[in-house]
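Each remark here refers to the structure printed beneath this line.
Letters are used for the chains, namely A, B, C and D, taken in the order the chains are written, and counting of residues starts over at 1 for each.
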Amino acid sequence: MVLAVENLFIHGPSSSGPVAVVESLTLALPAATTLALVGESGCGKTITALSIMGLLPPGFFITSGSVKLGGEELTFLSKTELRQRRGKSMAMIFQEPMTALNPVMTVGRQITEVLLTHRVCPPSQARDKAIALLGQVGLKEPEKRFSSYPHEFSGGMRQRVMCVMAICANPQLIIADEPTTALDATVQAQILELLRELQSQSGAAILLITHNLLAASILADRLTVLYAGSVMETGPTAAVLNSPAHPYTRGLLGSQPRLRLGRDALCGIPPTLAAISGQVPPPGRRPLGCAFFSRCPQALKDCRDNRPHPVSKGPEHQAACFR
Amino acid sequence: MTDSLVKNFLTVRDLWVSYPSRAGQDCFTAVKGVGFDIPQRRTMGLVGESGSGKSSTALAVMRLIRASAGSISLGGVELTSLTGRALRAQRPKFQMIFQDPASSLNPRQRAVDILTEPMHLCGLGQKSQRIEMARELLAQVGLSSSSLMLFPHQFSGGQRQRLVIARALATRPELVVADEPVSALDAAVQAQILNLLGSLRDNFGLTVLFISHDLGVVQHACHEVGVMYRGLLIERAPTEKLFSAPAHPYTWALLSASVTDWGLREALKTIFGSGLENGVAADPDQKEKAARKKSLTPNFETTQPVSSTRSITKSIKWAISGCLKESGGQILNPRLSEDGSEGCNFLQCPLAEEKCRTQEPVLTEFEPGHLSRCRLAAEIRRQGQAVLELASSPAFGQMTAAA
Amino acid sequence: MTVIKDVSDLESADNSQRSSQLEGTGRFFGRLGEFWRGFKKNPASVIGLILLAAVVVMIIIGPLIYQLDPFDIVSAPFTPPDENFRLGTDYVGRDILAGVLSGGRASLSVGLFAALITAAIGLTVGSLSGFFGGWIDTLLMKVTEFFQVLPTLLFAMVLVTIFGPTWVTVTVSIGLASWMNVARLTRAEFMRLREFDFVRSAVAAGASSARLMMVTILPNALPPIVVAAAFDISFAILLEGSLSFLGLGDPNRMSWGLIIGQNKNYALRAWWTVVFPGAAIFLSVLSVCLMSDGLNDALNPRRERRF
Amino acid sequence: MIFFRHLAVRLGNSILLLLAVIVLNFILIHSAPGDPAEVIAGEMGGATIEIIEEIRSRYGLDRPLWTQVVIYVRQIAGGDLGYSYYFNQPVSSLILRRIPPTLLLMIFSLASAAIIGVVLGVISSYAPHSVPSHLITFFSLAGYAAPVFWTGLMLMLLFGRFCPIFPVSGMFDIVAGHHGFAYVWDVLRHLALPSLTLILLNAAQFSRLSRASMLESLSTDYVRTARAKGLNERRVFLVHALRNALMPVVTMAGLQFGPLLGGAVVVETVFNWPGLGRLVFDSILRRDYPVLLGILFISAMMVILANIVTDALYRLIDPRVRGGPK
């Protein structure tokens, strides 16, 4: 098991003092598999990723729960020990490729920096290894790319450079925080396929953070659906998409307009989408019991006060719902 | 009542838009001779990746930026030549819904002023009635009248977009241009806004020009679709015809990138290439790039279970080539072509041949109502239908499940 | 730092009273309260405000209590500070305390009016070139660049020397020599805000250019400009001090710079003639600077926080 | 290639600016109260009638305005900045002799102020809410708020009366008459106080700016990426954050040259450092307009040169602007 997160609580600042942003989050990520953490904005998925990497912004802190990377408890590590793990045993790819690279440093140097810091290879071979990696992720003329600056790259190419920086110290875990949100549809597909290829070569586990349930299905073996800081449902991708066990997942799938091709396109467009009413309650104002209570069409009486525990709905498929 | 509807309510002829680039020498042409017309009360979608010029077309139609050439007319009234007071007199007839709720509302104006200002500017009703009309508008977009006195930062993202829509309806327009109205919103809220737009369009009888980079949203919301690539309108057809089987390789590439069903994706890849690196290093339209905050990739509704990720096997490739042979076409083997100045602007076209490089293709109506800018339009549409036919057949399903 | 106030709980609370506040009063006090809440957060700016209040009170009330004409000779030159002349006398025997009290009026008033001129020119040039762009922008920017090439103090000195050191020419010269910063800042703000969608929607609703500039863009562009204008007040006070120090101040109006200028050669012998007027300039300029930091936080509309 | 083409454009632009400054001088002369000829002669210069007539013919004051402008511009551009009757020598030679001391004072003060300011700014941005950083912020506000002449006089008092280790006036010890290395050392000792005054003022502004731009670049995405790569805090701070934060500081150094010239004038008057500032002070007393206008023209030229140098320096540091291989 590469990553094991148990009962994680994270609190963040707000006008009325610290507020729970992530509540009792549990994740399990074996090697060479991909887990997608799916949720709307403001549900705490990015904060979870940053807490694993130890890069929580000021004002946020882990209040309880354990985060184990390769069996080692990260919350007990000191600042320097955690820093040594970053980049070496766990790496991260960010959302905005346009601003994620240092504009005044050549791309090559930003890659060799990782190789040298973690002593992946002696300084003499660093340049060649970086050029090889650039070619491996599909960039044409890697030598020229090595010595050019980030502003000469398109969004897709910069995201490939980010992938190189992530895998060059061959970490056990790669966290990708919405890697394709800021890219075009065609480029998105390629980056997701690139991630899959890198995983098959390096055997690393990938934690994919995304707000889009359907994009995750291309890459992810397992899905965890997050809503307002707590886990609603988790299970294999096919099971969650085809037989969603939690009303929120059902609502999400129903509300996204599906592309109908071929003969299906001819049978007319459905008038309205099955939208979920209301909006996501901000951290300070979440209901006591089930977080989805205020918007759930099939809410029961006791959903309001006590929080539902994960119930098994199929092989390795759980949902936190009383229904 | 329908026959009195104007056939071509909004007509755009040979529209050119170019931006002076910062360096000052070569100016960047975002829109190259786009032309289309929208019948009254119909919704037309413009789809394309960032830098395809769809937003620039919308801004030009709204006369927010100056088109370098071409003509735009709304309900018979020629807009391109109007300026100053005459143009301002026409403005209430066409309004715009913007993408980013955070920057489309004046942070220092309360909701009541945001709604009454347009009414005041076009002299609609008296000052006393306007607050009542504003209250009514809020109700129509699903906001309570108590939020009349609030500032934009006191609304959530979805509610702010409802306020933007209410403002667009304040001057009772006939045409609404919606530039990526739902792209900056979350999935659940997105559906609410799409439903709201649909119902308002029918109640107010609006004609809508709907801009989006998202095929699923466009298929749901639009009657007609136009696909744009690097400033050119490369395909236009009613939604059913286009999505049943497009007739341009770029549209297929867009489709194959948006499809999340693994089996169909591999099938499409063998014919139309594996989605294309949009190698445009320079970012032509920074605003469009910034507009891509939360894109949504729709999924192909399949009858069989969605299979998990595995690589393609020989049997599938054989099955596809077999079916194409029966349909009398030979596999147009995908070859990536490098560059090319004149001729078809789709540089990475997997089906490119010598002729494509030399002749400048023209948007031709190869089938009634279906226009495409590709020489092989009919051929591509037929082969595409065959592949889709195969992909949705149960036999193909087992094969992908087995692989 | 405030979390987005959730509208749904507002609906539950009965706020018919809020929606009846359609007249102006509710809005004005609401905004003033909001301004003070933001301003209060920054302790340095509150200290600055108190300091400035003290200086202003000293200048207005001072000469009324301590009725002594700063120009008439009261005792022997260079008498050190003692009980009847708290701050001692200068090289001619005039009372320094009277000079400091009445000198403040000149320095602060010149500073304020010069800053007003700077803001007026800067706002006009900046808003026109920022909003319209094109050749208007290039022309106005060439003019701004030209003025920026001339060293501020030197240009002001030349103007005052040629047109005579009266109170009006000093103020106008300072204003003319230092409007470029506000102009560049206003232009940047107008160009940034011009691209925002709420401005485009106002254009789509049929707003004229004048309305767009005055009603839509200017209120949103004001926060950084007000902060820059506050800095310009302190810059103008310093400039007036330097001019009077170099003998270019209005001779028949006592000002802090003038006192120091006249006694600079005897500084080593009579330190008090130089230290106290200088301290007065230092305190008033420091208070204005501290306050302008606080202004920055108070005026920026609340930015909602994103996790 | 692109770099030099851009430099040529800048030079062209600067020549235009200089011409505009000359025309401004012309306008100032003609808009001053009284007859332009007297203005040119300078009131206290003891100008006799013949001199006035000679000026009138040389500047063509009787000719139509337009030709006067052309004559004036051609003369100034030709290096003849007019004649100072008080100092009884051409203005240009008068000014040229006074430029080196002022340049020495300004370059020395600007350089050391920049270094001290940036170091203080970077230190205070390392721990933004600690006591030293609040101290540095207060120092930078105080440094800006203190009027230059007052700081100068205060330093003179401090070093003059209490620990006289630095001379308080002039540029070198006339009596001792050192030469060679001793002369340089003597000038440096004289330079200490005037440049310290300017350093206090400018270091304040440099530290404010570098603190703000450091804090801003520390919150960017690429610094977060650097931390995610596991680099140690020192490297993230110095290599990634600092390099980007220095950009605006370079631009400010260029823009600072104009106001610094103003400060130098005042400081030279306080410490009677024999530079342009001293000359300006004397010519104000004597209403010697040609010298004044000449100094304005020369200092404008110095500012333009400073801007060109900063712009070139900025192009070298920032790859995005340098127009790398497309």
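Odds and ends about this structure:
Just so it is clear, a contact is a pair of C-beta atoms (placed from the backbone, for glycine too) under 8 Å apart; a residue touches a chain by one contact, two chains touch by 3 or more.
Treat the numbers as computed from the prediction; the structure is a model and nothing was measured.
Across the assembly, the mean Cα position most removed from that of chain A is the one of D.
Here B-C and A-B were compared by C-beta pairs in contact; the pair with more is A-B. One finds 51 Å separating the Cα centroids of chain B and chain C. We define each chain's centre as the mean of its Cα atoms; on that basis chain A and chain C are separated by 50 Å. Mean C-alpha position of chain B lies 56 Å from that of chain D.
Averaged Cα coordinates give chain A a centre that lies 28 Å from the centre of chain B.
For chain B, residues that reach two or more other chains under the stated contact definition are 156, 159.
In chain A, the residues that touch at least two other chains are 41, 152.
Multi-chain contact residues of chain C (touching two or more other chains): 4, 6.
Listing the residues of chain D that touch chain A in their complex gives 220-222, 224-233, 235, 239-240, 243-244, 247, 317-320, 324-326. Within the complex, the chain B residues that touch chain C are 59, 62, 64, 88-89, 91-92, 94-96, 98-100, 103-108, 112, 117-118, 121-122, 131, 143-151, 153-156, 159, 164, 167-168, 170-171, 287.
Per the touch definition, chain D reaches chain C in the complex via residues 17, 20-21, 24, 28, 31-33, 39, 141-142, 144-150, 153-154, 156-157, 160-161, 168, 255, 258-259, 261-263, 265-266, 269-270, 280-281, 284-285, 287, 289, 292-293, 295-296, 299-300, 303-304, 307.
Residues of chain A that touch chain D in their complex: 53, 55, 80, 83-88, 91-92, 94, 96, 99-105, 113-114, 117-118, 144, 148-149, 151-152, 162, 165, 169.
Touching chain B in their complex are the following residues of chain A: 40-41, 98, 138, 152-157, 181-190, 193, 196, 211-215, 217-219, 221, 236-238, 241-242, 251-252, 254-266, 268-277, 279-280.
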